[in-house]
């Protein structure tokens, strides 16, 4: 069978074997957690607790009244030691709530739902919001917003994103193997909320275990979902690419998946939805892959949000001495970490430590216009031109060449034989285009 | 205008405001006729003659010529002297006249000459205008001489018709062709810029 | 500026020991900027690298890791790798030419490569850029230039051509990647214009005298057998050449244009490795085949047959190794097609109706000049752009 | 004085001055220039025609013939021929015997061919002893059956010339012009 996929893109060595067969291990609640108050895209949350307060596991400790927002919960029971700026995995220092564990776990559950099929959709959406569920694939967009599209958008398809196209990461893979039932349940809850009949499950072909398990459970439990095995190619997991691979629909520039009648959600999100709706558990933990050749024992861990990375590494036998680079997320889009005090956040799908052999320090050559980036760009852009325009601050050209369509997947920089940091220059270009647009808007006004 | 020593008006044309290398004026004859040093020199001298004579007249008449018809007047004056130069060359040096072909009459529209009338002679006293014209003419001639010498030596292996290269030297035909003119001129301008930059620092 | 960005280094605080807060704060500043801006492109404040390799000495307690923007994985391609692979792909043709033309061809090849490298080095020094000989592009330029010259071409002129190719073909534009025209062909065009007689004085390969198709050349008992290229023979004398010698290289011509088979072998390696865009040779040679084939069908007595057109002259060399030069060919697929078709049409027009027997060089240079425009005109529709338009309708 | 009147007066004066100067100049340069042109033509005729007593100009058809007489006997005819060269128009002066069967001489009047290559048809600097060797070949050449050229070897027949290496097209152009115009001129002369 010819596997569906999208055009262009590339296939980096995936290194999934390092942790693919490691069963998810639940990390015991750590002694200290650092929970950022901002863990989603949207309106920032304000802390609801203060220094010295006692909090229970699952208690909301930060929230916002805005719609596009999701609350943050305490992930252990203990005392709030401090609310201050700590290292965030994205590199900056962010306001975090430092909780120190003081004994036994005490839970504060969500309002329970008896039978989700007969519960009003508004109630279900509220539960999902209260559970603090955001897109766990890394985008961290609040899920309840995604599940409540405006009325003029007719949604006809739901795609469960089990692609996990980034090399190294196996968190979603393991979750599908071990918790297929809950994932499928979460998926049907979301489809129920959206009132969508057609459900697709997209999984890359390098996860045979996950495909087999999900397929088996879909059949056994009688779900009407369609399994779509996909060719192994990066960035298959990007929403637009996945929609094209599965449904052959192209999301127009500047539009959202719902504009073509599709909602995409990650398997981890589906799992969290199922837990929130059926077990009234808020989102306080997630599966995170600790891997890379710089880690002695790569593992998939179910870790509380806010756990410092060093705790994860401790469980995995710590990092090797010759480790060269540590990054959160996959190697294509992940953020390098310079401080292992940084905590696990809702968007952390993995933490990878690699030694010098894998990521070399490279000299940059001039662009020889080989077109490798053009052949790699899944958005069909001309990265070499965009980066040049970014450098030269040519706002008009940046707009003409569609800089804002770049999804920053990193394919161009991966493919570039001259080692030009194309993605960074394109980001500069985006910034400059925005500056230019702001300026012209001001002048007009 | 700030008064400079009069001799400056002459010297500036040789390098700092060299019409060919710095102002990039009058490139049409520069590129077209510089196949041999003889041609280059003849062209330079003819242009200098026209420039000096026209500057003289224009500077003399600068308060008489009404503003509205100044360009027309300059052109008539320049054309007169160009015709004089052309006829002289045809009468006394028919060979050079033949090889320069239409480029002598084309001096009329040489922007360097019209440019100097408009920019300098029409605004300055007679003496200064003459010095300026002489300087510009000398700079033009010098640049043409260098350019045409390079092209003749490399392109034909001769200089003013004398064999100067060793016997086994094979001539670079391209230097006798239009591309050779562009290449040589480009190198000259690059060298001039390079020297100027080094002088500044 | 850009290269520094990738290896900004920060001391990595150990996983186990706690460092003081102030120390952390200090260290954090550049990295924070880096991440926030996405790329601290304007002014990357890279710390000067420590003199000793800190990773060797500082163990565990003060480990160094790299803080850099994504992606953290990298493909295996690199510019020198591409250059050297193209050089290796040329080797079969080089070997064939040395076999056919002997040491004289080898001297020309070596002189061209050496002069190109010296010129590159001199330009690096004068322009105060880093030395760029090791990226292989100068070697490749020298090699390609030599491949386009007759084996008996004077050594001094070969050196001159290589210098012109590097200086005027590449360095005046700003070095590798900035040139508009193929440097080797610039050098060759200069030599063609400078020494038109010498560059069209061809030597017949060692074995040509035994073949019957070279009547004119063999009828004279001269020491150096000089003869015309098959194209020259056809153009000026109306004599055709059989296809078999064209294929194996037993014909008069420049060093690299003789053996079509050896060139094809290298060219196909490049296509497989994707160092050459397959569209270029296909559209170039295909256009020549179709265009000249159509003319041949109309009047076989006036126009040569298409296979002769393809195998003679430097078309194979040009199509696989020169037109595909990454720097001077378009990056967009559509642009590449137009580029190849344009070259094909130019080639046939020059060969059949122009003053020269050979048109590969000028057809490539001509289309090189159009590449920036082609890149601009043929911007691919980005993902999702088409639908947006059709929706508007 | 009104401005427009001033304009008219100034322009008139300048133009009058200019015209006057040029008229004066023409007085003494015109004869010299004419003499030069005559000289060029006569030199060409001397090269194209054999020794003669007088030359008579006759116009027949499209051609202006210069008939050379020794005594009363016409020894040769010269006429101008032109045609396309490699990159310019070639103008030649050709002399032939009265029966048009043999060329008595041919010279180039005008050419702007590629310097160093095509220009060798007029003057070949490489051949120091005889720079005009190419056109020299035509003296005494038979025009029957037709003039042709050979490359890289000495011509073997009395109607063949040797082409210039590297300037085959220019050489070919001269041969073609001669072939064409000798035939046409013959027809014109015999009318």
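Note that the chains are named A, B, C and D in the order they appear, and that numbering of residues resets to 1 at the start of each chain.
Criterion: a contact is a pair of C-beta atoms (placed from the backbone, for glycine too) under 8 Å apart; a residue touches a chain by one contact, two chains touch by 3 or more.
These numbers were taken from a predicted model, which means no experiment stands behind them.
Listed here as common contacts of chain B and chain D: C. Minimum number of contact steps separating chain B from chain C: 1.
By number of C-beta pairs in contact, A-C leads over the other of A-C and C-D. Between the CA-based centres of chain A and chain C the separation comes to 42 Å, rounded to the whole angstrom. Chain C and chain D have centres, each the mean of its CA atoms, that are 48 Å apart. If you average the Cα atoms of chain A and of chain D, the two centres end up 86 Å apart. Our note on geometry: chain A versus chain B, Cα centroid distance of 71 Å, whole angstroms.
Residue positions of chain D touching 2 or more other chains, listed in rising order: 114, 117. Residues of chain C in contact with at least two other chains: 196.
Touching of two or more other chains is recorded for no residue of chain A. By the definition of touch given earlier, these chain pairs are in contact: A-C, B-C, B-D, C-D.
Those residues of chain C that touch chain B in the complex are listed here as 154, 157, 168, 190, 193-196, 198.
Partner chain C is touched in their complex by these residues of chain D: 86-87, 114, 117, 151-153, 165-166, 168-169.
By the touch rule above, chain C contacts chain A in their complex via residues 2-3, 5-7, 10, 12-13, 15-16, 24, 27-28, 31-32, 34-39, 41-42, 55, 59-60, 63, 65-75, 77-82, 135, 175-178, 277, 326-329, 331-332, 375, 379-388, 391. Only residues 10, 12-13, 87, 90-93, 167, 240, 244, 250-253, 255, 310, 313-314, 318-319, 321-327, 329, 331-341, 352, 354, 358-372, 374, 378-382, 384-385, 390-391, 400-402, 405, 408, 410, 413-421, 423-425, 427-428, 430-431 of chain A touch chain C when the two sit together in their complex.
Contact residues on chain C toward chain D in their complex (touch as defined above): 196-197, 200-201, 220, 226, 236, 355.
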